[in-house]
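Note that chain A is present in both complexes that follow, paired respectively with chain B and with chain C.
What follows is the complex of A and B.
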């Protein structure tokens, strides 16, 4: 085998190496220097993340089971970037004394999920896809239960693993039906033989349910709020951005390639799911006071918007989804970053607790406001462009009513995002959160995310580059 | 072609001033920030005047062309569907450059005195610059996309300005209301843009508005709920325009927005942001006229209704800023009527020209009225008419300038408002008699309510003032005098040679009968106001008594706000949001929490892993999947 074929697996190989090195380093570090594992891991991962950007060959491996293209590279790079930001934001959490004995695992577990996601994104058949999916989800349960002495966290972990296994079971069941109907596990072969027969429809919906679980589409979303609330906040951030991003990528790819011949059918399903997901996510978000639950429901609504991009199909649909996820990485991690900075210092995680924050911590408040305005889709922030392209994508297939519903929801969402802004900037508080300085790495991460919120929207080159490569999967 | 590259500076100067003051404003004395902002705008103002001179008067061409000094492709979806960023100069955008920079400069200048000593003075100036930048970006937008972005930026920056007194809860509520109402309308705009782009494959104004264009052929025959696709698109774009211009039923945000500082009201709520909607319709006028005449008629009727409706409310208000706010609604209604009754080209396009003319003159006299009101509020520390009276003795400059503006808005010659309003009436008379009579009555009401204001403030008895009212300082008087000169004389500008629907000059005919009719109803309104309010007497109260319930309804602005509140709070909240919140709290959360509060001991067991929740979730998951399968199988038969 040629060396350049190995390079097709560069993301996966690098990540595996990184995870192993981190585990070994922690093992051999003397007890009093264990804390260094945080910085070492960050450096290693940063190198891996940047190495991912080096362009390499494209092609298939293992008889088509693994497909590497510029587009999958970009997707993996986006996930790496998101994880890097999550890592930067986690340091404050990891330095707490109760986590002293499990710092290396934190990095290793997340990197393991990332390997699973990368395989999933590059999958060329449903076996690789499923193994990737499971590799990406089982360690997450461990992460959700990372505060194992806190009952809520343990509960979140158990809930996640139990419900995830149900959803995986349903998904696998669906895949076996598709296999039964088409006689193949390879994406390319299935795509040729797929028809709208009842068996395939059943299998397809089970597949959608399984993916809907990962994406927290309504009605498969019920786990989201509980798990988000119970997990440590950095894990919640990770779940809401990285897990969802990976699931959105592969979901889009599979819909566009494998189920291409029944596009009319799945557009119908996506239409319905988009409407209820966006609406339910919004309506629930209206009344949350816990910032994690609030962001959980807002992220349900945000992912609902992704379905609009998917409705567009073709290169524009693909591009709008990938671009939106990139925007979403910066936007959502900015919001979570601020929430974490506050939580790590003060333990406050309610919106009412943020009252008067602007007076004491103006910079944090500004970053939070940027993030929320970007989530609400206010130009010229990146979130607006992300949504605009999703809407354009749906409109390009004539789904105007859906665009109307979605745009209306985006408007409603402004209301609850403004509630948080109001709490921080306007509401009076006798005892606001005292001024504090967050850690250097946290500030770096917030700077990166805030920059991203401004730049990604205006740098049209990003969109055009994704557009130029996104037809490579068809 | 002449060189217009310097026009970029007009846009960029306010932006850099915003950055400068926003980032470093707290490093130096507040006044320095004020002067930096004012000077920056002064430069932009002079450049705008140069642009206008060069565009309108330097070249002696017959028709004006659309000039694009800056244009770069920001993003291209396809060869034709591209998003551009740049500057488009044509008669209306050049005119708007002058309007925006003039009024903005006057507000900057006036604020030096009015806002002196306020906390956050430099923040105020950086917001003003941001707003001016957004507004300028809007008017020079070469395509719908840039226009939309600046539309929202205008909304966001006005949110900051209205909410400037953030210690005042009513100001904050008003800012939020303005932001959400206009954003709600903007969503119509966005959907309209998407539909339009889908069928025409372009965002570009020049392509869209070319007469006789064939790009709308794709949409031929496509209808939805009885209206064509393009009608929907243009109707939705008008919704966005109506939101910004506070047309009925989106008008509710404007009176509340008066909570902001008064110079901000002069800038945003008289001359710039609120006319953005009129500007949008004018910008897309050929599309409205040739493709969707049905929507254009709607524009006219919405404008006509709003103008009458707001004028009636203005009569009963006691807060002087609110009277002016409703007056603004009414006058913008006039502009919409002008567009609604207009045809395209030559003298037929009189309505279009008159509408733009009125936009221009209105900007001058309404900004003057607002700044005058600011000067009065500055002197007596109250917004309420009851606290004022006999001020002409104390504030001569404010008095005279206010009188000029009042005569202008009443349409008394030779003041500017007379020329523009008369032409709108003439245009309406030619095409739509119903709208003509509506606007004719409104003209009478206008002069009545504005002179009610004038007599109540400047005549009548002195009130008990805390300290003797004094004339405002020089820095505030200069803008008043400048605007008074403008309000008095801009009516003589030959607009029919400058700003026309097809960019070709035409000759206007004076309809003497209409002139006499409109002047006499204006005078009648003034006379009636003089009779009632010149001296304090019991006549107004008697009349209010006589109208009884009608007066109360009008005083409460026809209860429109209450209706909105009822729909949102009572219906939406109770029927939709509350059950869902209840479900969330009691079924999802409450199953653990609620039970826990009753019996702590049992809840300990329930709160754990065997809460039953998990089974519910799993059940919902599988049931959801099955329901989708069944409904899909049913649907495809």
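What follows is the complex of A and C.
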């Protein structure tokens, strides 16, 4: 095998090496210097993330089981970037004394999930896809239960592992039906033979249900808020951005490649799922006071918007989804970053606790406001561009009513985002959170995300680049 | 780079400048200088346009500059103005300049206040220079959001509730707008050519009538919410009453006109067939706005509520004129945009100044103020005269033109609608004169009102700027009217093309 072809696997190989190195380094560090593993891991991962941007060849490996293209590279790079920001934000959490004995594992587990996601994105057949999916889900349960002495965290872990396995089972059942109907596990072969026969429709429904759990589409969303609330906040950030992002990417790829001949069928399904996901997500977010639950429901609604992009199909649909996820990485991680900074310092994780924050911590409040406005899709922030292109994608197939429903829902979402802004900027509070200085790395991460929120929208080059490569997958 | 980009660059630089100021004084000075430059630019633009249009009799779009932004979707950053847009820019520049001076005394978080105010203005300026639907939407939404903070933080009364109501209603309007604009985009190429957001390009083709029937109401109502179209006007009284002075000025003076301008420039201009078909429905709504607003104003005792309802009524008149779809009525409607913009800004400025002294806005608690604060009193009377359309002020010219234009339609429906709308003038006279009578004349009701001081220098700058502009239109309306009529020519060709 050519060396050049091995480079197709560069993300996966680099990540594997990084995870192993981190585990070994922690093993051999003397007890009093264990803390250094945090900085070492950060440096290693930063190198890996940047190395991912180096362009390499495109092509297939292992007889078409693994596909590498510019588009999959971009998706993996987005996930790497998101994880890098998550790592920067979690140093404060890891330095707590209760985590002294499990710092290396944190990095290793997250990197392991990333490897699974990367394989999932590059999968050319359903076996690779499924193995990637499992690799990506199982370590997450460990992460959700990272605060092992906290009841809620343990509960989150158990909930996650149970539901992940049930959904994997459902998914696998669907895949087996599709295999039975088409006689192949390869994406390319299935795409050729797929018709709207009853067996395939049944298989497709199981497939969508299984993916619905991962994406927490309504009505498969019930685990989301509990798990998000129970997990440590940095894991919640990771779940809502990286896990969701990867699931959205792979869902889009499979729909666009494997099921492209039954588009009429799945567009109807997506229509219904989009409407109820956005609406239910929004309605539940209205009444939350816990910031984690709040962001959990808001992220359910955000994923509902992604479905609008998927409905556009073709290059525009793919571009709008990938672009939106990039925007979402910066936006949501900015919001979670601020929430974590506050939680690590003061233990406050309720919106009512944020009252009067602007007086004492103006910079944090401003970043939070930017993030929330971007989530709501307010220009000139990146979220506006992301949402607008998703709407454009849905409108390109004539779904104007859906666009109206979604845009009105965006207005409802603005209501609850404004409630947080109101708490920080308008409400009076006798005992607001005192002024504090967050850690240097946290500030770096907030700066990166804020910059992203401002720049990604205006810089049309990013959108155009994704557009130019997005047809390479079909 | 087009000259027009300065209209966005100057406010942005002003905002950056304010960020670096240390104290209250610096903030005020930077804001005043920035908006002063903006006013000079706007005057220059208007004069330049008029001299060009006058000499060559060419009413084309000037300072056009087109640069590609998102090539794959054919989104451009395309700017250019005609006489109407220049006039709106001038209006905005005057009101924001007066607004800065009217908020001279904001002492609570002044930097944040002026930054939000000027960001809001940036959105408005950007909207008026744009000729690309995407950038128009972008600027429109930029103009809406700072309002939440401005009303929520610096407002009075039930400010959080009003701010939320206003923001959500306007954003819901913009939700309809997004669908409407996307509908235009996907129907913008008749022969399968590239799709475009370019306003001028789209105006050259005829959108299929089935598409027009769906997207005209979306677009018209989308902008109509901002123009306080009945029954979507309810944000306006609450919002204006709770907003700080400068925000009420800018909002009633400019933003509501932005809604009307959008209704005209996008909905009616690009989809005239559907506009013609559905105009009966919207004429009923706008006539209701006019009458309902006027009667609403009679019922109120709070000065700001009176003026807010009066704005609903007057902006309804603008939309009414636009829907008549002939050049006389539309000319009048656009003059009314400018005239009412200045007038209502002056009203809100004066109300803010009076409220700052008496600490009440309830008409019945004031009295005899004309003797105590003669400058503000006289100003209020003059603004009132303009409001009820007395000759010599801008309001008269504008309203008269609208009614004349409306009477060109000689069928029963239009006649009745016009007569109903005309009768609102009488109602306007009632509420304006009643306030003047109770508040300014008559006995002094509170002892402590005797100690009130008259206008300070910055309040005079603010009010005189507005009054001079109003008189400039009222005494010699032709300069404005001709410029607008000239720029209307190409638009009317499109609107009347299919009416044979």
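Throughout what follows, the second predicted complex is superposed on the first by the 474 of 474 C-alpha atoms of A that agree within 3 Å, B and C clash if a C-alpha of one lies under 4 Å from a C-alpha of the other, contacts with A are read in each partner's own complex, and residues count from 1 in each chain.
Note that a contact is a pair of C-beta atoms (placed from the backbone, for glycine too) under 8 Å apart; a residue touches a chain by one contact, two chains touch by 3 or more.
All figures in this text were calculated on a predicted structure; none of them were measured in a lab.
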{"item": "Superposition on chain A - do chain B and chain C clash or fit", "value": "clash"}
{"item": "Which of chain B and chain C A:61 touches, first, second, both or neither", "value": "neither"}
{"item": "Chain touching more of chain A, residue-wise (chain B, chain C)", "value": "B"}
{"item": "First, second, both or neither for A:287, with chain B first and chain C second", "value": "first"}
{"item": "Touched partner set for A:220, first chain B, second chain C, both or neither", "value": "first"}
{"item": "First, second, both or neither for A:191, with chain B first and chain C second", "value": "neither"}
{"item": "First, second, both or neither for A:13, with chain B first and chain C second", "value": "neither"}
{"item": "Contacts of A:170 with chain B and chain C, given as first, second, both or neither", "value": "first"}
{"item": "Which of chain B and chain C A:414 touches, first, second, both or neither", "value": "both"}
{"item": "Chain B/chain C common contact set on chain A", "value": "316, 373, 378-380, 384, 388, 391-392, 395-396, 398, 400, 403-404, 407-408, 410-411, 414-415, 418, 422, 425-426, 460, 463-464"}
{"item": "Residue ranges of chain B touching chain A (in the complex, touch as defined)", "value": "74-77, 83, 148-149, 152-153, 156, 163, 166, 172, 176, 179-180, 183-184, 186-187, 190-191, 194-195, 197-198, 224, 232, 576-577, 580-581, 584, 588, 607-609, 613-614, 616-618, 620-625, 627-629, 632-633, 635-636"}
{"item": "Chain A-facing residues of chain C, complex", "value": "69-73, 75, 134, 137-139, 141-142, 145, 148-149, 152-153, 159-160, 164, 167-168, 171-172, 174-176, 178-179, 182-183, 185-186, 214-215, 218"}
{"item": "Residues of chain A defined as touching chain C within the complex", "value": "316, 319, 373, 378-380, 384, 388-389, 391-392, 395-396, 398, 400, 403-404, 407-408, 410-411, 414-415, 418, 421-422, 425-426, 460, 463-464, 467-468"}
{"item": "Interfacial residue positions of chain A with respect to chain B in the complex", "value": "151, 155, 158-159, 162-163, 166-167, 170, 196, 198, 201-202, 205-206, 208-209, 213, 219-220, 222-223, 225-226, 265, 268-269, 272, 280, 283-284, 286-287, 316, 373, 378-380, 384, 388, 391-392, 395-396, 398, 400, 403-404, 407-408, 410-411, 414-415, 418, 422, 425-426, 460, 463-464"}
